[in-house]
Amino acid sequence: MTDQPAPIQPILGTTTPRFAGSSTFVRLPELRDVDRCDVAILGAPFDGGVSFRPGARFGPMAVRQASRAIRPQYHPQFDVQPFAELQFADAGDVSCNPFSIAESLAAIEARAGELLGPAEGPHPVDGLITIGGDHTIAYALLKAVNRRFGKVALVHFDAHLDTWDTYFGERFTHGTPFRRAAEEGLFDTEASIHIGIRGPLYAPTDLVDDEALGFSIITCDDLERLGVDEVAQRIRSRVEDRPLYLSIDIDVLDPAHAPGTGTPEIAGMSSRELVMILRGLAGMNVVSGDVVEVAPAYDHAEITSLAAAATVYEMACLMAVKERGIPEGRSPRIV
Amino acid sequence: MTDQPAPIQPILGTTTPRFAGSSTFVRLPELRDVDRCDVAILGAPFDGGVSFRPGARFGPMAVRQASRAIRPQYHPQFDVQPFAELQFADAGDVSCNPFSIAESLAAIEARAGELLGPAEGPHPVDGLITIGGDHTIAYALLKAVNRRFGKVALVHFDAHLDTWDTYFGERFTHGTPFRRAAEEGLFDTEASIHIGIRGPLYAPTDLVDDEALGFSIITCDDLERLGVDEVAQRIRSRVEDRPLYLSIDIDVLDPAHAPGTGTPEIAGMSSRELVMILRGLAGMNVVSGDVVEVAPAYDHAEITSLAAAATVYEMACLMAVKERGIPEGRSPRIV
Amino acid sequence: MTDQPAPIQPILGTTTPRFAGSSTFVRLPELRDVDRCDVAILGAPFDGGVSFRPGARFGPMAVRQASRAIRPQYHPQFDVQPFAELQFADAGDVSCNPFSIAESLAAIEARAGELLGPAEGPHPVDGLITIGGDHTIAYALLKAVNRRFGKVALVHFDAHLDTWDTYFGERFTHGTPFRRAAEEGLFDTEASIHIGIRGPLYAPTDLVDDEALGFSIITCDDLERLGVDEVAQRIRSRVEDRPLYLSIDIDVLDPAHAPGTGTPEIAGMSSRELVMILRGLAGMNVVSGDVVEVAPAYDHAEITSLAAAATVYEMACLMAVKERGIPEGRSPRIV
Amino acid sequence: MTDQPAPIQPILGTTTPRFAGSSTFVRLPELRDVDRCDVAILGAPFDGGVSFRPGARFGPMAVRQASRAIRPQYHPQFDVQPFAELQFADAGDVSCNPFSIAESLAAIEARAGELLGPAEGPHPVDGLITIGGDHTIAYALLKAVNRRFGKVALVHFDAHLDTWDTYFGERFTHGTPFRRAAEEGLFDTEASIHIGIRGPLYAPTDLVDDEALGFSIITCDDLERLGVDEVAQRIRSRVEDRPLYLSIDIDVLDPAHAPGTGTPEIAGMSSRELVMILRGLAGMNVVSGDVVEVAPAYDHAEITSLAAAATVYEMACLMAVKERGIPEGRSPRIV
Amino acid sequence: MTDQPAPIQPILGTTTPRFAGSSTFVRLPELRDVDRCDVAILGAPFDGGVSFRPGARFGPMAVRQASRAIRPQYHPQFDVQPFAELQFADAGDVSCNPFSIAESLAAIEARAGELLGPAEGPHPVDGLITIGGDHTIAYALLKAVNRRFGKVALVHFDAHLDTWDTYFGERFTHGTPFRRAAEEGLFDTEASIHIGIRGPLYAPTDLVDDEALGFSIITCDDLERLGVDEVAQRIRSRVEDRPLYLSIDIDVLDPAHAPGTGTPEIAGMSSRELVMILRGLAGMNVVSGDVVEVAPAYDHAEITSLAAAATVYEMACLMAVKERGIPEGRSPRIV
Amino acid sequence: MTDQPAPIQPILGTTTPRFAGSSTFVRLPELRDVDRCDVAILGAPFDGGVSFRPGARFGPMAVRQASRAIRPQYHPQFDVQPFAELQFADAGDVSCNPFSIAESLAAIEARAGELLGPAEGPHPVDGLITIGGDHTIAYALLKAVNRRFGKVALVHFDAHLDTWDTYFGERFTHGTPFRRAAEEGLFDTEASIHIGIRGPLYAPTDLVDDEALGFSIITCDDLERLGVDEVAQRIRSRVEDRPLYLSIDIDVLDPAHAPGTGTPEIAGMSSRELVMILRGLAGMNVVSGDVVEVAPAYDHAEITSLAAAATVYEMACLMAVKERGIPEGRSPRIV
């Protein structure tokens, strides 16, 4: 990144109030405003794959607005100024068809592919963080990611497995993206893991089927017993230095922390657990990711949207520190 | 249970959407739809015993609606399909008199007694899970349970002791059921315990009086230090193999997890702690129970109702596994 | 109706509290509980045709729960005890496919057709009031109604015309049902009218196209100037004694009265205006109808669901008085 | 009122911000702070007589807090500075027993009687405006009012008649106060009238029974046709110059204007209609009154509590102008 | 406007879903995206002048998001496609200083002045619609408007006079802008009028002082008696063909229609009344205007923000039709 | 405290329902009602120093109302009846100027100084707990505290450092009080510590600057790893037996526990963690403190206000036990 101009950074909250100005994610520049872009933030406002509470189509809009609350310049645990290290930009939304899963997946795959480019050849961006929308979109995103990066590791934070086969005959829904992606070999099943799983299932075979696809599981009950550092360590061991795709369903958080989602499950993670696990992944080779399933109509005081925005931000920092990890003694000063 | 027809199970969410169809608890059959019933779910919509925020009269309705969010077929931590093991059915609501505590308690006791039957003789059902309603109803339920099972152990999850004597001269309120029940010898005071107690009290004698009734206490501060597994172990040691009645006031959860209740106390349990303690009781002889004090008018995005519904479901699973406990290595797979 | 047993009526609120017991509409009997049924209440929980805020899939559930607030025995303006005049019953929900507009429309048409029967032959019911769901379902319902009653008059209360052609290439959405129905000749375009239209449009041709389909329009601005009685009179003149289908989008109400809907438009009707217009239709030959577009996630204190439930109830009364109208001096006593 | 010191007025919002300071009604002095008191504001936080949504026990607290929004010094339509004309004071709350209707009614009657005094003899106050609480309390208040003023006229704003006989055997509930009061001859049935009645009834006999008690009725449908000035005129004709008790159930307002109440009925009054009718009563001999049935748990942005507080304020102004009415050309200036 | 390229219009909802894409007002182009601009939409996120509930700093953001619900292409009552007639663009927000009224007013005046330009000389835009923020900003806006257009007529929709002198010694607050503006001769006091005034006042002199500034008043009680068409006619008579500034405080609406505001007053306008009065001003010479006092934290389901957005849109249409008025027979078709 | 009359205690909830009566904090006597006062509770309703969501001006009112939920007589973990040990009283609110930071700080300092008195001389009270209001007020409070107690230790619970220099040129805001206080030597920088810090910062220098002021930091990530008892121990080691000022920004809690605040940060403390750390400080020499930044408009079901009220109560208990600490075996009984 030598010889490049310094990145255009988000608008600073001490000069323009955070409640004013740009509606981009953390008030980053728009993609059209930058000459180069390392990582793009993309909205995928689609919720046609939802089986219970709809509304995630308003997720990108709500997460961007909630991101105003974030002062994003410096992350002390990572000791990084992510937007000074890399050029991030907001690429706006994919225009999905609310009445067609197939068309919407095609549009998302096309736009993500256009941004990431193929493995060989021009790469408008080197990484992509997508704000959903429902989890159906992960399938389209993995297709584009696979075309660019090949078989990635998949670390999937969610209350649910999302490896079911079909609902009402429909193969592409928010409960099935990783089954479809596995069938098509889009990720490395030796390096895939679900984090935060909980709640009852349709049948014991759900777990058998999931395991057959190669997934490991760390449940929320496991987290209670293992603690955040051990969970992070197990993820690191599972993934090693593979290129990594992070897919984070906001319902991995407990409904107390994320009421605004479509299929809430009690007994989930706290937001502190989520970010501390993510911080434990510093130095891993995160190439892209998504944060999905924010349904603002069920939110209160924007706490879910804010949690999602902060998760996107942690992911951005992971991408900014991926070549160096975080310094010894993560937390800056302890008495 | 040999030679019996397979239970009629809840409607499956993959064939009829969860937002459609029956309003029974997890879309179970109604009691009139089954030939036999092992465990009945009963609503007791009464809140005339409440001293602060009323509204728990809408609890049964709200908990049933929120239970739509649950896919109840298989519980992986218990490794059980509860509704395939036992026949559960929804017995509807007791018709209480909103203006009379005495009449309502009589109606609840009568209906519960009719369902459970006497110790000797015909037993329409073998277990009963009641959705409140305020905690006053526990007294009536314990009377019916005592008539069927004799002196049961009592494990009581709550922020409050509920062993006060009277309020404004009234002996039967949501703060007094266990004093009344103890006075009448309805449960085994050698095997009774409060879990989750916190918050200030009227006087130091509150604790003295409570101890004199035989109760042990595990406070929420204790839980923070002991952890869920140790708490579960202490409950097991206290109760041993006695027939056990579980009475769960949803305010045992922190207001972050259960805002929709009448007498919230901060510094409570997370929903994860609650279900993990309950899962730690697998194999205990749970004969009946209640989940009370959901006041939907104070809820948001149904998170309280959902927590209560999930708690009823955990209780149902406990009843389904009571003769075998749960398999070794509770959480199905850990990487 | 001579020689028939008296109808089974809703549970009475003075003997079983309204917050207890059955979750059917106004606690009517279920369809399976009656020997005959004059009018069925049907839920159609489908919102896959929505272009803005989704969530109407939870409409039937919410409207039934809100109907608990209604004491439905006697309607003084109509001077009728509707459930003593006719046997009403709750026919439950159609099981729709949330991922397929086509399958859902087919399922709704099939279920409505099964209930209403063909023009000649067995008629399980003589009338149907359907609770949506989004307005897409009106097309399917009109197909079934047309098969039974032939070309009906259509009185359509809505903020929007719903006669657009396609959205994103999709022909069956909540903005297009009456275009499709008109194309197929399902209703009598000489006797069709929109009431409550307001808000901007995509193009001037929207009105031209709508007029070409034969519709008349009474806007909300017209209502402000004409008053409720004159509006009712114009509807009567337009429809005369034709068999009449009433399709009521709850967004005909102002957002103050119905915040819980998908495409709110300010400057709408008050709920008083809506029911007074409906009461002005007494004696008209209402054969069936729908109340749609309740999106409970956006509601507050159930005011939208209650308005929808009360509208269903007014429609039920219209069906009960259709052969006699209402007595002179509609409002019972004026000082 | 000559030779008396000027009244102690509410705290002025231009010197102490309205969000600061006293929690009395419109920041009036407490009763203990004044040497004499013409009219007292009393809270009656009791909701044990409620048949549907409870919560009005929090009404007095919420209405007082919402009254902060009012700048109460000068009412332009009445052209009066009510708190300069008469000494008003906040008399705090009656301490009711939440578990006993009988004890609570006795306590309210005692406190109101203590304040108003008997017809002959010392009168601590000359008028009383009570904030409920549910409508059950009106019975107790009318007893005290009757003892002081004899048979008063009764103008009753409500969606419901409140002249039912019993619920679940209970004679004193929020649906029965005026039947009980009529039976005991507490008001003048020749001069009693319900305003704002709407919604269905239990039976046609409800109206017959009500008429037998002597009540006239102006329904909300009548109001739509008559307009506010004619309604006010009919009330004046009915009551003439009798001492008048005003009993206002906040559910006389439409749920759009008052969602925070226990038994909402659609198709109600707007708040503008309510206050304009009240203003039309200027000069009538209002001796006392109540505003009841605010259930804050169902409110939003305090709109119901604010409507109730403003209604109490209008009532205060009526009492301040009762000897002179309002000037010609009510509204001060029209272009 | 001949020989100019056709305006760039808002994104069309039938091709890009309204919940996707641009966060500008009704998804108009940004100012930087157009070569010329007739009317700019400007945000002024400042609420430091608020005396009761703060939060209007989030108004511009919320109104823009709510404007997504509007399909803005064609307004049937005005029979206009405003964005085809004139080039509108979103000029973003003024960056105010939340801690300084003086600096914020200066910044707003500077930005508005920069856009409108002086009377003689270059005019980047010919009209400005500003979204507040609290009403304090109107003073700054009138300064810029005065510099461009000279003494304008002022039509002020509000519950409050906003002509008080000082609060706590502060001369520039949301209750004083029109006193300050009058003192500086910024508008034509012969052609100024308040519409929608209601609620009590600090003193009788409030009205005297206001009248001394030259204002006429139409209260909400007047509106109830006069009707919308007569109110519009009186405004027209008062203003005649003067250049007109429209200042609309959203609290002119009743709290039922606009709960999300800082100083709600009951007994206000319905949104239908507001827009019908505005439509009655068609053909008047509206040169600029503002819509202020949306406090989203108190809103529900965006109904206030939507009402404000729709009001901005009506104002935009007024500016688009100002040279021709609206066609005879305003409402397009009446049966 | 010998020879003094027993303190006047809060109204008891078993004799007057908690939803009735006094609006003082936990229904304590007002300051004017007591002859002497050990500790006063003071409201400081000011939010003019807020950089993001305003509304904390309503904090004192909301916290007092929420305090009704507390039964404050006996705290079992501290084994103290605080209001029997010391005379507490509610001193009402400081009347702040919402338009002037300087005047408001002066008013708060004056009132706090008047209550606490100087080091030598008459002391109306010996301790002060102030309810904010935004954090700007801490500067004024520290000035008064310093005048009475000299350089105090400062234990600061917050998500944010609040040691920034200026915002928009303003030196006194809610992000700068401790920088200003340090500059003026108001507290002992050798004994100052921030607890609960988290979230991103403006720049790495934020930490450097903060450290230069002498502060230690325990972040929320540290808390996750250290546990509550170790955190309490580190605070004790840092402060030792110095007079201690506790400043608690409610946003130290996670948004799940405290949504109703102005600058929420995810990944915060649970309310259980907060109170257990506070309980771990028993015996320390707490001389005064504040609880700030409750913004009720963003709260739900009063959970934030209740958490703040309970925090004030814990602080009151700390002051009541400061000379003796808490007994061995803190939690009264463990099975």
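For clarity, chains are labelled A, B, C, D, E and F in written order, and residue numbers in each chain start from 1.
The rule is short, and it goes like this: a contact is a pair of C-beta atoms (placed from the backbone, for glycine too) under 8 Å apart; a residue touches a chain by one contact, two chains touch by 3 or more.
All figures in this text were calculated on a predicted structure; none of them were measured in a lab.
Note on connectivity: the fewest steps through touching chains from chain B to chain D is 1.
Common neighbours of chain E and chain F under the contact rule above are A, D. Looking at chain B and chain E, the chains that touch each of them are A, C, D, F.
Here the C-alpha atoms of chain D line up with those of chain F after a rotation of 180°, rounded in steps of 5.
The greatest centre-to-centre distance from chain D, using averaged C-alpha positions, is reached by A.
Interface note: chain C and chain E, two copies of one sequence, contact each other through mostly non-matching residue numbers (shared numbers fall below half of all numbers used).
Set against one another, C-D and B-C show the most C-beta pairs in contact at C-D.
In terms of residue-numbered contacts, B-D and E-F present the same interface, as over half of their contact pairs agree; the other options in D-F, C-E or E-F do not.
Centroid to centroid, with C-alpha atoms defining each point, chain A and chain F lie 37 Å apart. The distance from the centre of chain C to the centre of chain F, with each centre set as the mean of the Cα atoms, comes to 56 Å.
The mean-CA centres of chain A and chain E are about 40 angstrom from one another, to the nearest whole unit. Counting partner chains per residue, chain B has residues 15, 17, 19, 51, 57-58, 68, 97-98, 167-168, 254, 256-257, 270, 298, 300 touching two or more of them. Every pair of chains meeting the contact definition is listed here: A-B, A-C, A-E, A-F, B-C, B-D, B-F, C-D, C-E, D-E, D-F, E-F.
Of all residues in chain B, only 47-51, 53-55, 57-58, 97-101, 103, 167-170, 173, 295, 297-298 touch chain D in the complex they form.
Of all the residues in chain E, the ones that touch chain A in their complex are 15-17, 19-23, 43, 45, 57-58, 60-61, 64-65, 68, 92-98.
The touching residues of chain E, when paired with chain C in their complex, are 12-15, 17-19, 68-77, 79, 81, 228-229, 254, 256-257, 270-276, 279, 300-303, 306-307, 310, 313, 330-335. Residues 51-52, 164, 167-168, 193, 199-204, 206-207, 211, 216-222, 224-225, 234, 237-238, 254-257, 259-260, 263-268, 270, 298-300 of chain E touch chain D in their complex.
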